[in-house]
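Read from first to last, the chains carry the letters A, B, C and D; within each, the first residue is number 1.
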Amino acid sequence: MPTFGVLTGGGDCPGLNAVIRAIVRRALADGHRLIGFHGGWIGIREDDAVELTLENTAGIVTRGGTILGTSRFDPMADGEPGLEALRATLRRRDVDALAVIGGDGTLGAARELWQAGFPLVTIPKTIDNDVAGTDFSVGFQTAVQIATEAIDRLHTTAESHNRVMVVEVMGRRAGWIAASAGLASGADMILVPERPFRIEEVCEQLRARHRHGRRFSIVVVAEGAVSQDGAIGLPGLGDRHPAGDTAAGVLTSHPRSLAAPSGIAFLLRDQIEALTGFDTKVTVLGHVQRGGTPVAFDRILASRFGVAAAEAMLAGRLGVMMALRGSRVIAVDLEEVLAHTKPLDPELYRTASVFFG
Amino acid sequence: MPTFGVLTGGGDCPGLNAVIRAIVRRALADGHRLIGFHGGWIGIREDDAVELTLENTAGIVTRGGTILGTSRFDPMADGEPGLEALRATLRRRDVDALAVIGGDGTLGAARELWQAGFPLVTIPKTIDNDVAGTDFSVGFQTAVQIATEAIDRLHTTAESHNRVMVVEVMGRRAGWIAASAGLASGADMILVPERPFRIEEVCEQLRARHRHGRRFSIVVVAEGAVSQDGAIGLPGLGDRHPAGDTAAGVLTSHPRSLAAPSGIAFLLRDQIEALTGFDTKVTVLGHVQRGGTPVAFDRILASRFGVAAAEAMLAGRLGVMMALRGSRVIAVDLEEVLAHTKPLDPELYRTASVFFG
Amino acid sequence: MPTFGVLTGGGDCPGLNAVIRAIVRRALADGHRLIGFHGGWIGIREDDAVELTLENTAGIVTRGGTILGTSRFDPMADGEPGLEALRATLRRRDVDALAVIGGDGTLGAARELWQAGFPLVTIPKTIDNDVAGTDFSVGFQTAVQIATEAIDRLHTTAESHNRVMVVEVMGRRAGWIAASAGLASGADMILVPERPFRIEEVCEQLRARHRHGRRFSIVVVAEGAVSQDGAIGLPGLGDRHPAGDTAAGVLTSHPRSLAAPSGIAFLLRDQIEALTGFDTKVTVLGHVQRGGTPVAFDRILASRFGVAAAEAMLAGRLGVMMALRGSRVIAVDLEEVLAHTKPLDPELYRTASVFFG
Amino acid sequence: MPTFGVLTGGGDCPGLNAVIRAIVRRALADGHRLIGFHGGWIGIREDDAVELTLENTAGIVTRGGTILGTSRFDPMADGEPGLEALRATLRRRDVDALAVIGGDGTLGAARELWQAGFPLVTIPKTIDNDVAGTDFSVGFQTAVQIATEAIDRLHTTAESHNRVMVVEVMGRRAGWIAASAGLASGADMILVPERPFRIEEVCEQLRARHRHGRRFSIVVVAEGAVSQDGAIGLPGLGDRHPAGDTAAGVLTSHPRSLAAPSGIAFLLRDQIEALTGFDTKVTVLGHVQRGGTPVAFDRILASRFGVAAAEAMLAGRLGVMMALRGSRVIAVDLEEVLAHTKPLDPELYRTASVFFG
């Protein structure tokens, strides 16, 4: 029986299970067998896999995480011998094509494997939304919704005058979550990696707001935001993951920067309090943004990507990434989409800035 | 001082306030004055208006409904004398351009007024998503999310074997909400106006599911779904609103069809119980889908549309509708977009149907 | 090894899995074996059971429904031979004590079995909150929260003057959900089974509100509400379930009353429209109130009840129901608590009525 | 016309507006006039007040914060001259009785004022739930629900083995939120102020879990938790607010402890990573727990407290605090309830600990 493989790589992200279920449902309907590899690429390397069926993929669409597990294992790390181990598993299990679900780290590895002869298609997922070639990746809208709901709850502070709320959201290299959630919730200032800030300007804008009678201000900051002089922030944050996903939250080898032991939010708080005297409170959402049930938008996107990926494999259209373009899902060549990551749209930031001040 | 007017027309819809606020913020920043007309077109007719300011539009982004009120009043109904009354108000108040927020009824009237010389731009909103020319209208994603969360809660029925859950969602002429929420929540069957159903087939599919060991089935039905023979459903539902919005829930002149006193869901229940003997439960979400705080996606879309509308007015680019195309917001000519309503994408329905059975 | 059995009976209800998990965790810690019977009492009758372990009860606290299944099977229905079949299973499996989770139907059967010599403890669950002897039953707060959120969304109707929203919530014999959700969401009128209404009064109050300038009214109605003359409502609704739970939604033998094919909400709508002319919209929440993830309150209550039930079994304190009294969980004798169901607290209704009109 | 005053003191808390609205509705029904003082006690001192009406209290039940504003101003701070200023305002405005809504700081001041002859009643609110004499205070259940939903989202981490999630919740002197949300969400460890921890034990329990095959652990920590040796935590946190509410988040005079620049969560993370090598992620919920729409439970409690407070004032029953006892709301003498704060119930912690490990 023709067989397809499925794996999820990189960081956690809402909607992975919806992709898996969609691939399985669509491919089973055409009489194919489905094999899920555990823990990303390592599952192929170690031949750690499970058959995917209607039964073991039922009811998973609402669940966060991935039933297959994931990891940041780099299949290229061991060179040709490593690749040969992968090939051996795929041969042994008669895998005709592989559906690879991941962020830019995983997709980059997939492109190299495709060039090395591996038959595969890919599905973009990342809460950071920085995969180029698609309007949205799976997981992003859920992260934005979670962050928006949290910021909404900060919009009632009757307690003090001259209070500042700093909310740190994910985004090491890209400010999509910060700009989107900030725009959705009416943030008074948004700091993103793409636009290094000057702390004096930040504080002056806060002072100006409060001079104009505002009781409090909400500052949304992406974890990868950094000041122009590099003194505030985690400057090297975005480029430490040669094999990792953009969405990475793991710095195993350099666990903590000395300069930023608790992230950008607390650094900002200290500076704002020192420079303005405003009482400043911090919220760090952290992995709350990566887990739990996906919003409807992500479930629909994930299901469409999964069905399209299965149909691409069935049609033998390989070496592609599923992509949302407007209201259509299409398959684009891997070569075309992975040349760069997708930075925050300046227009979106500009729109958000209409509501500053 | 140059002055812009704003009005909201047609049915309630989450995100209207976010559009209003965005227009106000953007236009105020360029030194314009903003006038909000109450109750849609009738507010111009009666010169019932309020000045919109930073203060009275602060904090409204999370609120459902519209601070301006709305109605289904048709500005064309009284012919030229009626138009003259509108013109008189706009002259008296020195309104340079009008931002009209509405569904296809309101947008259709706007087009006629534009052709009659009224300076205006439009912003599409409808939970039904059936305005052509834009990927999404304001309000749709919120309705889908609400319906999805409700259906999620039905996915645990430990109580009985052979139970059927029928969930009626909005959509008189278009099945966008039904197909989207059904796909997102893993519905086992979705009935939409675009695809008249045969009750015998519906029941046979339910029986087949239960023969294959499923304990229960979830059927999502758009309020405008109808059987092929016209015996079940409210056949004329979609075409009774010459001047109304697609999203219309009001049938003032024909308050209740004798054949369908309680909507399609109860009709379906009676047929399913009679033909299969399966215990069948009904949920009718009703206006719950139209109210309350918008999801982040709709707030962002609304804010982008509002800013773009203000900028179009500032630039003198009138006679246009704001539209989402992929990840860009553009202005398209009113003439181009209003020739037809946008029926449910067959591809989306086909994707949803992968998960049936 | 000493062995405890667990079963869930009656209708679906959020929090059942949290009770099961708590019993298992607590009893395992003391070295006991746990057996879960499938489908309520029928699982003992048919000896259909599963061993409950840390593994198969992990991660279930957030899930609606019950991993054991449930039914409305009456263990007393077949008299002494039926009981003997139950005893045989418990003997064969060496069950020392049984934890019975259910509403008043299940608890009533449990009391009879206790009197017939069955060693058992009970945990009250019902979204209807009508089990006497405990401040709250598992599931009620979740149902109230769901209904409250739905009604919140109806509180923005900018569209029409003189609109009425009728929301039907569960409660065949008791108005706890209606009164609680109505109070929480600021309903303008609440109709409950404990207080038969007069339709003329209902309409007069609606007219009075609208005369005083209100644009719309929200009426919350329990499914078992009935007019004083019996003409509107499903009068016999509450007393048709000799062996069933109060929370019952199933009328298998009399599937539909001729007089009320679609429930009280549509009957009310027709009367209100006929008598007042106000445009009236209906929401029927249905089983949405019974499913999905429980609120924190119910998870905590369920966990406390489960731990207390396990400890009662470990201590040999049988024939009891776990009960919340203030902030304490205690075990009360089954005989004391089951003499009657608990009607809606008149004080709660009176408080809610402060906000009418 | 007889007149009642209303004020809110201390920190933000969901449900304050529901209390205000209930007092207003109930007292207006009996023909009283209502005056709301701005910013807590300072509003009386400065005679900064607004008349409260049906109109300006409509629709506020879902809103976080307080329409009256609040502060931590201590009315006793200026001694007798300060009190005389308060008395002058109340005389000038003919205030017959005052409804004081606050946490233990505000309630303590209220008791002193009552003893000094001020006619008043009080309503307990605090997300920390540490006001003695009542089963629950307004705001607590909402904070628990918010924290529970956040922790739920952390329960899917497919990414890494040996990961620890540390979630910091509010609670400077009391562990009610930590224990309740931890129990509700199945936390693997809960650290509270009432039970100083040993970091070696914490780490050993984490290691033991992971040795038994768990992939990750969730540690919920109250902001006021502290190690037995005082080396980790903010030891003096709880006793720095002589005039402040327990719920206080403000340390104006000692803005930051040198030893704990970013709160307990980051201190814990550093220790756990150093001692176990497990990758550890932090979420700090912060003021997200204090804001936004209250859950149904809190709205009902707030409404019942407000109605009862108005009725106590109408009946001349002063010097009391509204209290929930089981399912009843009663008025208890201020003297009786304020002798101490209410520490976390050890039984609740013990129940939560059943699910550790």
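To be clear about the criterion, contacts are C-beta pairs under 8 Å (C-beta built on N, C-alpha and C of every residue); 3 or more make two chains touch, one makes a residue touch a chain.
A quick note: this is a predicted structure, and the numbers were derived from the prediction, not measured.
Taking the definition of touch as given, a chain qualifies here only if it contacts chain C and chain D alike; none does. Work out the mean CA point of chain B and of chain D, and you get 41 Å between them. Averaging Cα coordinates per chain places chain A and chain D 35 Å apart. For this pair, chain A with chain B, the centres built from the Cα atoms lie 31 Å apart.
The multi-chain contact residues of chain C, meaning those touching 2 or more other chains, are 152, 155. Taken chain by chain, the contacts form a single closed ring in which each chain touches exactly two others. Chains that are in contact with each other form these pairs: A-B, A-D, B-C, C-D. By the touch criterion given at the top, residues 8, 10-12, 16, 63-66, 68-72, 146, 150, 152-160, 165, 249-250, 252, 255-256, 261-263, 266, 270, 273, 279, 281-292 of chain A touch chain D in their complex. Residue ranges of chain C in contact with chain D, taken from their complex: 22, 25-26, 29, 59, 61-62, 135-136, 141, 144-145, 147-148, 152, 155, 180-181, 183-186, 293, 295-297, 299-300, 303-304, 307, 325-328, 345, 347-348, 351-352, 354-355.
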